[in-house]
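Two complexes come next, and they have one chain in common, subunit A, joined by subunit B in the first and subunit C in the second.
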Partner chain A sequence: MTPNAALLLLADGRLPAGGYAHSGGFEPTARLQGLNDAAALEDFLEGRVTTSGFVAAAFAAAACAAAHAGNIGRLGQLDPELDARMPSPAVRAVSRALGRQLLRVITRIHPHPVLATLDPHAHQPTVFGAAAASFDLSPQDAALAVLHETITGPASAAVKVLSLDPYEVHSALARLTGLLDELAVRAAAHALDDPDQLPADASPLLDIAAEHHRSWDVRLFAS
Partner chain B sequence: MTDTHDTPRTRSLRLGVAGPVGTGKSSVIAMLCRKLNEEFTMGVITNDIYTDEDARFLRSAGVLPSERIRAVETGACPHTAIRDDVTMNLLAVEDLEKDFAPLDIVLVESGGDNLTATFSPALVDAQIFVLDVAGGGDVARKGGPGIARADLLLVNKIDLAEYVEVDVEQMVKDAQSARDGRPVLALSKKMPDTVEALCEWVRQLHAAHSRGVHTPTDPGPMAPHFHATDEGGYEHSHESGDSSGEHAHH
Partner chain C sequence: MSARASLTTEHTIDRAGRGVSRVYGLRSQAPLVLRPTHPKSAEPFTRHATNVARVSLTSGAAGPLGGDHFELEVRVGRGSTLVLNEVSATLLLPGARGGLSQMRITITVEDDATLVWLPEPVIAAEHCNHVQDIDVALGTSSRLLMRDELQLGRHREPPGNLTQRIRVRRVGRPLFQQQLTVGPATPKWRSSAVGGGHKSLGTVLVVDPDWGGDPPSARILAHGAAMFPLAGPAVLISALADDTLTTRRLLDRGVAHLGDPWASEAAAAPSA
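And then the complex of A and B:
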């Protein structure tokens, strides 16, 4: 039986891992690309989840599989591969900061030996995969939860950044659920790939936006 | 409640400073650093809402080496960062303690928020809530978790009282009656005796913390709430000494 309740716990935005301070690149993209309505947000979310979100999901699935197998060496190979897939230093730094925060939370709320083997500054997908394994979740569960966070983070930020109807925002999220399920299956299919063969879909505009965002004097979100 | 992994050598006194926007939290922190940095080694974490303005202000004030002042960005949720999800702040405090060990005191400045925002005891050992006379003489009487139960309530900028027609004595009296004997200090950076009283409070807190006799308390933030009963229900709050409505919260 899938431990569904544990999956919900991990995927819940109320998990105190600091995700609320980030917009997943939506704040800078909205300004730089002139996004100003719910349709533009939906396009943004779809773009993010099918590129960097899909990469994160595949890496989370791979980390989950490695943790289940007790393959610590393979877990350690994932972070350099993620670095290589994140050309923006700002994006790399945020991914590692979120990973560190998540590791802190999971270590406290659900101690497990596999967590102690991780680099304290591991990337978020790596930590997420290991955390999912510690709850006996599958690689596909880990992928789905990461995909979920990939769109819910920017969506909740969007209602603060733009003048959007929160119902319209959640309608967009509702329409994307099918895509998320499909992507989770595809991401999990990579769980046993060699680390250098894992997906490398890129989102160059998000990388550029992240670099711009770091230089802003005034911003609502940390990324 | 605070992290059990800390060793005594690196664990500082973590002191939160909360209060509404513009009441002088950054100035109070600058004042404490300036007055106490010969007695204590100190560090500061700021929580700005949109910028790192507060960290920049403190660095430019030159009260501490600038690398001991760090900003945490709270994504427009300053209350969340000190209360429901303290992870970013906790890591920032621990990093500061490790990088500049041993620190005696780390001050954590909340991003200016409203009257209900208070620190979690998972993040700080004690907290100061800052009001100012310019915010209105009646604010202290309104109470709330920070005003009623913070370890110390400051009524700041009392030198401005005559210009904003506030009776400081009355405001302090209101605050005292809202606080059930907990300390209230009137403060003005232009009145050295009030500054000294604040410094003395911090010294005593640090001494109590070092001796292990200080126990973190939690000021809030549970609001008065409603319980349905057969008779129609009742509303109550969890003020200390309120034993009339004891019940479990699940």
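And then the complex of A and C:
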């Protein structure tokens, strides 16, 4: 495999796309279900990455393939399909806010014609896939980066929410690398699916937690 | 065993000149038995109309068992109203020779038609291996209330494998789509992000074109239950609990917040 610095750039949590402000549902879940250690975090991450993370990865792969093919119509079909897979309005709003922030960053740092075709309120996986294509990355790269973000966001948040030992948190992330690789391959296999056939794995407790979180007056993270 | 059942309703005018909904295509194949029943009083969720069509699904045998392939097709014709319920819960069991059991439900609700679909819980017994597909196609002015409840294992029993896919499209556009996969093949079902080890979960999906772009707002119903306005004229009520009675109570609590006509009619509805 050829070195690919662009993938690292996109997957880097220091990319100023606003991800640091979100716990990916970990903050409300920790409080509602009394999670208090690294093992509980790992269980949360595995559940999130195999459901909503996998869906996001498959959509990013599909968006990347559509952007490579210059298929603007197909790119536009992905957001309504994502809406249908996100019952929680809080989850939809966060996904679209993160998409807007990512689109703004990529447009500034790496202008590309495909980015201009996107809806400014497109969902984050759609923008991520198109951004990956603009760097000539593959659908599988896009999927892997989205899966990586699915677990690193809540993991960093957990260090703050529960004051967990960062070594323990990163041990959990290290154990999950194999799962991420496997999920990236499976997600990329959906890159050319009809939009209505794309994965729709549900995470009902995350949806419910997102609405709890939005109702709180005091919270550390935006989601 | 393979079985196919189907039914169609239409809106027509009776001898007294009243508009009524009539079942005109009813095909049963054992063990899927569809039985028209006569409403004793106003049906739930149908704007107090007494002239609706009512059909009960009865299962003439245990299961589905591994190896069974069942299909149910429902068409609610333009302007008609159908209340479809079920006589008892569905118990998913493994077959003698293992294998997958499948249930495929295809529903079309035409314009100005209403479907109230109140099946009883689906219980995933240990070692079952079942796939359920529910496909619903709605028109612009179709109304829908659809309940869905899953119980993961009987009393003190772990569940077998169950995959459920629900896909609801409105005039060809996606409205609600989700897949749930539970059981020993998907241990992460028990994750705090997904099902959290709850034994029972359920949803009620209500589509009402009168809501336009402004369905009732999001609301927390309990620790493990909430209602969500979807991206369209629809609301999903979602609940997780440790038993089906609690799940049903939480779902009913959600329906009570839907405003007229759903809420007022729910109060009058029998709970099963």
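Things to note:
Here is the rule we go by: the second predicted complex is superposed on the first by the 220 of 223 C-alpha atoms of A that agree within 3 Å, B and C clash if a C-alpha of one lies under 4 Å from a C-alpha of the other, contacts with A are read in each partner's own complex, and residues count from 1 in each chain.
Basically, a contact is a pair of C-beta atoms (placed from the backbone, for glycine too) under 8 Å apart; a residue touches a chain by one contact, two chains touch by 3 or more.
Since the model is a prediction, treat every value here as computed from it, not as a measurement.
When the two complexes are overlaid on subunit A, subunit B and subunit C sit side by side with no clash.
When subunit A is checked against subunit B and against subunit C, the one touching more of its residues turns out to be C. In the superposition on chain A, A:35 makes contact with subunit C only, not with subunit B. Contacts of A:17 after superposition on the shared chain: subunit B is touched, whereas subunit C is not.
Once chain A of one complex is fitted onto chain A of the other, the partner contacts of A:43 are limited to subunit C, with no touch recorded for subunit B. By the touch criterion defined above, A:101 lies against subunit B but remains apart from subunit C after alignment on the C-alpha atoms of chain A. By the touch criterion defined above, A:218 reaches subunit B but does not reach subunit C. Overlay on chain A (Cα): least separation between subunit B and subunit C is 20 Å. Under the contact criterion defined above, no residue of subunit A touches both subunit B in one complex and subunit C in the other. Interface of subunit B with subunit A (complex): residues 49-51, 73-77, 80-81, 84-88, 90-91.
The touching residues of subunit A, when paired with subunit B in their complex, are 14, 16-18, 20-23, 100-101, 104-105, 157, 160, 217-222.
The touching residues of subunit C, counted against subunit A in their complex, run 165, 167-169, 173-181, 186, 188-196, 201, 218-220, 223-226, 228-231, 236, 238, 240.
Within the complex formed with subunit C, the subunit A residues making contact are 25, 29, 32-33, 35, 40, 43-48, 50-52, 80-81, 83-85, 87-90, 92, 195-196, 199-208, 211-212, 214-215.
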